[in-house]
Amino acid sequence: MKKNVETFIACDSEYDKSGIVLFGAPFDSTTSFRPGARFGSSAIRHESFGIETYSPYQDKDLIEKNVCDCGDLELSFGLPETALKDIEEQTRMILKDGKLPIMTGGEHLVSYGAVKAVHEKYPDLQIIQFDAHADLRDDYLGAKLSHACVMRRCYELVGDNRIHQFCIRSGEKDEFLFAREHTDMHKFGFDGLDEVCKELIKNNTPVYLTIDLDCLDPAVLCGTGTPEAGGVYFPELLDAILKVSRTNIVGADINELAPMLDISGASTAVACKILRELILSINK
Amino acid sequence: MKKNVETFIACDSEYDKSGIVLFGAPFDSTTSFRPGARFGSSAIRHESFGIETYSPYQDKDLIEKNVCDCGDLELSFGLPETALKDIEEQTRMILKDGKLPIMTGGEHLVSYGAVKAVHEKYPDLQIIQFDAHADLRDDYLGAKLSHACVMRRCYELVGDNRIHQFCIRSGEKDEFLFAREHTDMHKFGFDGLDEVCKELIKNNTPVYLTIDLDCLDPAVLCGTGTPEAGGVYFPELLDAILKVSRTNIVGADINELAPMLDISGASTAVACKILRELILSINK
Amino acid sequence: MKKNVETFIACDSEYDKSGIVLFGAPFDSTTSFRPGARFGSSAIRHESFGIETYSPYQDKDLIEKNVCDCGDLELSFGLPETALKDIEEQTRMILKDGKLPIMTGGEHLVSYGAVKAVHEKYPDLQIIQFDAHADLRDDYLGAKLSHACVMRRCYELVGDNRIHQFCIRSGEKDEFLFAREHTDMHKFGFDGLDEVCKELIKNNTPVYLTIDLDCLDPAVLCGTGTPEAGGVYFPELLDAILKVSRTNIVGADINELAPMLDISGASTAVACKILRELILSINK
Amino acid sequence: MKKNVETFIACDSEYDKSGIVLFGAPFDSTTSFRPGARFGSSAIRHESFGIETYSPYQDKDLIEKNVCDCGDLELSFGLPETALKDIEEQTRMILKDGKLPIMTGGEHLVSYGAVKAVHEKYPDLQIIQFDAHADLRDDYLGAKLSHACVMRRCYELVGDNRIHQFCIRSGEKDEFLFAREHTDMHKFGFDGLDEVCKELIKNNTPVYLTIDLDCLDPAVLCGTGTPEAGGVYFPELLDAILKVSRTNIVGADINELAPMLDISGASTAVACKILRELILSINK
Amino acid sequence: MKKNVETFIACDSEYDKSGIVLFGAPFDSTTSFRPGARFGSSAIRHESFGIETYSPYQDKDLIEKNVCDCGDLELSFGLPETALKDIEEQTRMILKDGKLPIMTGGEHLVSYGAVKAVHEKYPDLQIIQFDAHADLRDDYLGAKLSHACVMRRCYELVGDNRIHQFCIRSGEKDEFLFAREHTDMHKFGFDGLDEVCKELIKNNTPVYLTIDLDCLDPAVLCGTGTPEAGGVYFPELLDAILKVSRTNIVGADINELAPMLDISGASTAVACKILRELILSINK
Amino acid sequence: MKKNVETFIACDSEYDKSGIVLFGAPFDSTTSFRPGARFGSSAIRHESFGIETYSPYQDKDLIEKNVCDCGDLELSFGLPETALKDIEEQTRMILKDGKLPIMTGGEHLVSYGAVKAVHEKYPDLQIIQFDAHADLRDDYLGAKLSHACVMRRCYELVGDNRIHQFCIRSGEKDEFLFAREHTDMHKFGFDGLDEVCKELIKNNTPVYLTIDLDCLDPAVLCGTGTPEAGGVYFPELLDAILKVSRTNIVGADINELAPMLDISGASTAVACKILRELILSINK
């Protein structure tokens, strides 16, 4: 009698045989507006059976890849520090085993845990961020470990001009001023991505790609806690992912899907498709 | 690295060591009003983590039982006959292995598949049905295999006065006339259940319990395809299950939860709790 | 005292005086993901009073056309073969009376019933399909009559290179391979439609137009069972319909609207507008 | 080819042959909280196919009655006076033809139009009101024709102690003081209904029954604009209707269903069932 | 202890020190399709905390402006005339105090009240309307004061060719004919806006800008009573507002957000952002 | 020009003149299942205009009381310790000023902050808890400050047998064992409340009343994060509040309303009514 193993569609390889390892980080305790991103990772897994394993965009098929989905971490709500440590630990183990981690959130703060482990292994790591929000606050209502500060914390790890921000269209004035000094911010869309990738490819720089799904226009993905008008559309995001996939990606995540806000299921279907394309685009 | 095995809460025993085996029958092709019962079994499994394993009603705990949840069958939409055969086959195997099957639907038609296998093993089987609808039509818009006919089909298996119907408050006039001749129908609630159980216990008759969740009042469970006002409330249903559990139950099912209609999640939470109580009440 | 006749807005001509006849095919038993397309035809009719009869795009008005909406067929859930026969019969009668049938689904499988009748009358029929999904599987979980196979079944009727597929962006790898041999598939959008129409016009080929509304991006129409990111937008679809309307259309359908997933009503409003434009564009 | 006549289930008799005539009054312009009761009458008609024609409570069947549903009036939003005149006119015509009018709202204000016509024919009319709200304000934000004033306006027609109010649990203090002087108010439930009916039967007094569905507890019917906790449950309302049906009912209405708030459809199903029982209970 | 003053984000200046005054007009009694625009103004205020005060589009910050949000008027449902007078009165007072009024609806009819007061002060007023619907009917089901007639009423105030209509894609044929004679209608999008603005700037003409949010495509804003496919997208609307802001705006409004239809909150977030950009763009 | 002060209906007294002070604690970071209780306090305030100020149950009117609603605290998501300190501080200040605090949550954890301040002033404080869940865990996934531990933390403050728990029907087995030793737990309903109140009245013991709204059956209130079947109904809860109000209440709260799960608004309306009755019942 078969066991009821649930994975992202066709990502059911044995861990030992897998080049890519998926895991979920169901945490959203610092979300300041509409919560529910905690359910993002399981919704993506659960609803992935509504899409196909084959991508006509890349002419590749998930059934031809070795990917292991090892499910959701059990994270402690209300304890960001503990949750981040558990995420860091999980990422470290995957990296140590020579595999590439792809994490599904959860709120954006979870990226900080993964980035810490990835940066530990790749000290010259650079980060590409697709996001509506700058996430560069030093603190948010007194909290240093907040979704609104996640890129500021990552900045403290990787240093000046090593975070490449795209699609940014929301933040405090101070965040935009900070970005001018310390990050490589590209407002509104993907202008400049070609050049960034070219440079990263030339130096074979290790890259962490973090996709906050609210980079998409709310028309495409309304199921997120803080929808922000004026975002990119699906073909643009797909195109951007394919560009980044030509760099040396060593870790990635997709976050901020909030299924409770997605009654039609369309946002979750979009997220599933983006994850499929991301996995297929990575050479592992 | 652990595999992402999803089960109904605490029902993660090895198949071989289990006395009770759960499986899902995600089928609703013959639903004539609002569809979506196909998602019932996975929603119950998925949302079961919102309830506890311990029942203060029975002072029992799921972690002390050996139950195996082996997940959902993959059933063919649009082919009722094929789907029913797959359900029958699964039930037969569980019975052959000396275990007690509990199925989660799906629409009510799925019960017919399970009842066929159970009746094969227990020819003197009697059925207890909790349901708003009589489900005694001979055909429905020409279809013999329809949710609206499921008890008529079961009747053809088990014969006169061996189906005990409770909570019935909807049907064509002809179904009520048929019931007067051929079934033991108790309208509106559980009046008469004590006597029925007493008799069944006396003879140690093998019993199949089928619970169409729309026996509950829509106030308690609005997430079902054909809600019917005037139903029973949770404590009454719980009490009735405990009564039936003293008979010789040899198989059971819970069906007709339609999670798409349950935006708050309250109906699914009710279904989870009923399944917990049902499992705990059975001596296996 | 007037009778409460409900029709698509302004489509209330007598059947005998009508050039175009609308009917609904409320069937979705083979839907494998989110069901509910069965309510599409009645929602379109019911909600059509939210749009105007006049089209500023075509400068035409429904009140100047003779269209009869004869309501929904009563189809048997769970019996695809029977349902398809009823649809075929209805279509045949409309054609025999010299009128042009426009059907509203229902899941996409319903097209097969209509196409059979149309192909019987027009043996050199060609099909134009707007759809996110190839629908070219030979069977789906054992079922030959499934929404996922509808174009394969139609292919068996009309033969090689007589199905022109547009907007396709989802399917198994095998379906894309099949398409390469046997159909005229245009991926992602409407590239090539001009040439196809030109050729069809030249030969005055009879054309059946089937519009699966999921050809639209989920941003525009989230109310469908299997939303697929990366679709076309309203102006493109409108433009494509106007192009096809210059061919010899002899039958058409619009399908896969799932109103239960369209809580705001916006998807249904889009479907109503597309149906209005389709009707107005046809010279009957 | 049949016309697509939509009626409440089985209420498709010819007007001339009918003893009871249904019509809808889709108006809610004076609703002060959540609007949408305008869609109540069409939702009840549209969704009635989810219930059966037969009542096991009364052992009667709608198909044995002659009822004509002549659809919704077209009422002018924002013009309460005009809308009420149209309702009055329709009611007057039905009465003149010797038939009994049953109206479905719409907000509660629509009752005033119907009551005017009924009172004209039956000057000694008394009113039985099932409602959470007293609706006895003299004006509401300056408006005399408001849902919150409807019983005050009716009172001005019929006079002291001729309105029998049940289930009332909300209102301004002044309304309760007014009731003490001028109406026969029974708070919270149906206490006293037996005596009221007995007296009305004794004198064969003509009775208008107006059922604001928010008399029901929000658990049973959440789909109403101003849900008010502490209401009656379905069996109590059914019982009350059966009691009133033994008086000389000469007109009736059911109002304040707001389908936009009823995503599961359960409230609408309740309303359909109440209308079925009301129709069946009336000796016409 | 602070008082719980709720305002649109950062619009908390003292009235006397403010150049711009916001107020809400929660009225939708004449809405003929899906109601609920009455909740638009409070939802915009309530949800504004999900956006930032800073605009990266204009590099301006609300905290640097002096704007007073004085909350919602209390308007009488069912009495359009009275409601419009209250709106007119409020607008007149704000203008008299030398401030610029920005109103949030409510249904589009509310604009008529504001325009009356603005026109009184600026007799050579011209109106720029962004809207899916022409709103040029002479009456709607007998009502002169209806959302569907609002621009016709405004036309009667300001006269020929002083209403500049953009994005219009819905209306009766007669409205389009009327527009040809009497207004400056630009169908579907913003073509011609540059020229219009240039001319208005040249003459320093006082301008009232009324934005019916349904000018946006339903993909961007599904939360409106009468969504109309084929609309403009957020960047286009933002661009258009910035263009108009260079004219001499003397009053403005945003209307027709219907939060009950916006379960994800994305439409409300869009509306908040548009209001922020509108306020920031005005030189006051 | 009036300021837009938003309060719970009729609770708009000056702070200095008020005997009762309301405030909101919008925090839900430790919620482990469905989040969203953070919006409970503002929803209750916002939607309170749908109920009346007058209670026919108590024949009292809010407009005759002096209550100040000073709005929501701004609490730091993800920092339970900090949030609890802010709540404690606020409560302490209200108590110091001789007023009675009533807090609206937020998740149940917020009670701990208030209880700390109340216990500081009243060292012999006893707590009455209406709740579906025991909330007696020592830690939850490692967190000591979690909604699931709130009563355990309160127990550590007040000591043995000073927490009176009612309606409890969910928890781990260990919680029920703990309760047997250390608290006064009454399972399922209000049995024993009379005796408890009698004793408390006799000794004039200061009482803190904490109402987790999930004590109500999900039929009555589905809008809560962890609905638990088998709860009490509105009249029972009202009756229980009135009983407790005869003790020496020195502080109270209502928590766990999750408006995102309450699409119809019925749950929020119930919560508003309970808060009204609670305020009216307290002699201040």
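Every chain is named by a letter (A, B, C, D, E and F) in the order it is written, and numbering of its residues begins at 1.
Here is the rule we go by: a residue touches a chain if its C-beta (ideal position, glycine included) is under 8 Å from a C-beta of that chain, and two chains touch if they have at least 3 such contacts.
These figures come from a predicted structure and were not determined experimentally.
Q: Could you run down the chains that neighbour chain C and chain F together?
A: Of all the chains present, those in contact with both chain C and chain F are A, B, D, E.
Q: Please pick, from C-D, B-C or A-C, the pair whose interface repeats that of A-E, with more than half of the contact pairs identical by residue number.
A: Comparing residue numbers across C-D, B-C or A-C, the repeat of A-E turns out to be A-C.
Q: Let me have the rounded angstrom distance from the C-alpha centre of chain A over to the C-alpha centre of chain B, please.
A: Centre-to-centre distance between chain A and chain B: 41 Å.
Q: Which residue numbers or ranges of chain F touch two or more of the other chains?
A: Those would be 34, 217, 219, 261, 263.
Q: Per the touch rule above, enumerate the chain pairs that touch, sorted by label.
A: Here the touching chain pairs work out to A-B, A-C, A-E, A-F, B-C, B-D, B-F, C-D, C-E, D-E, D-F, E-F.
Q: Under the definition above, what is the set of chain F residues touching chain E in their complex?
A: 1-7, 15, 21, 42, 45-46, 68-72, 93, 263
Q: What does chain B use to touch chain C in their complex?
A: 28-32, 34-36, 38, 74-80, 82, 109, 140-143, 145-146, 260-261
Q: Contact residues on chain B for chain D in the complex?
A: 33-34, 168-173, 176, 187-188, 217-219, 222-223, 226-230, 261-263
Q: Would you mind writing out the residues of chain A in touch with chain C in their complex?
A: So the residues of chain A in touch with chain C come to 49-54, 56-57, 61, 217, 219-220, 233-235, 238, 263-266, 269-270, 273-274.
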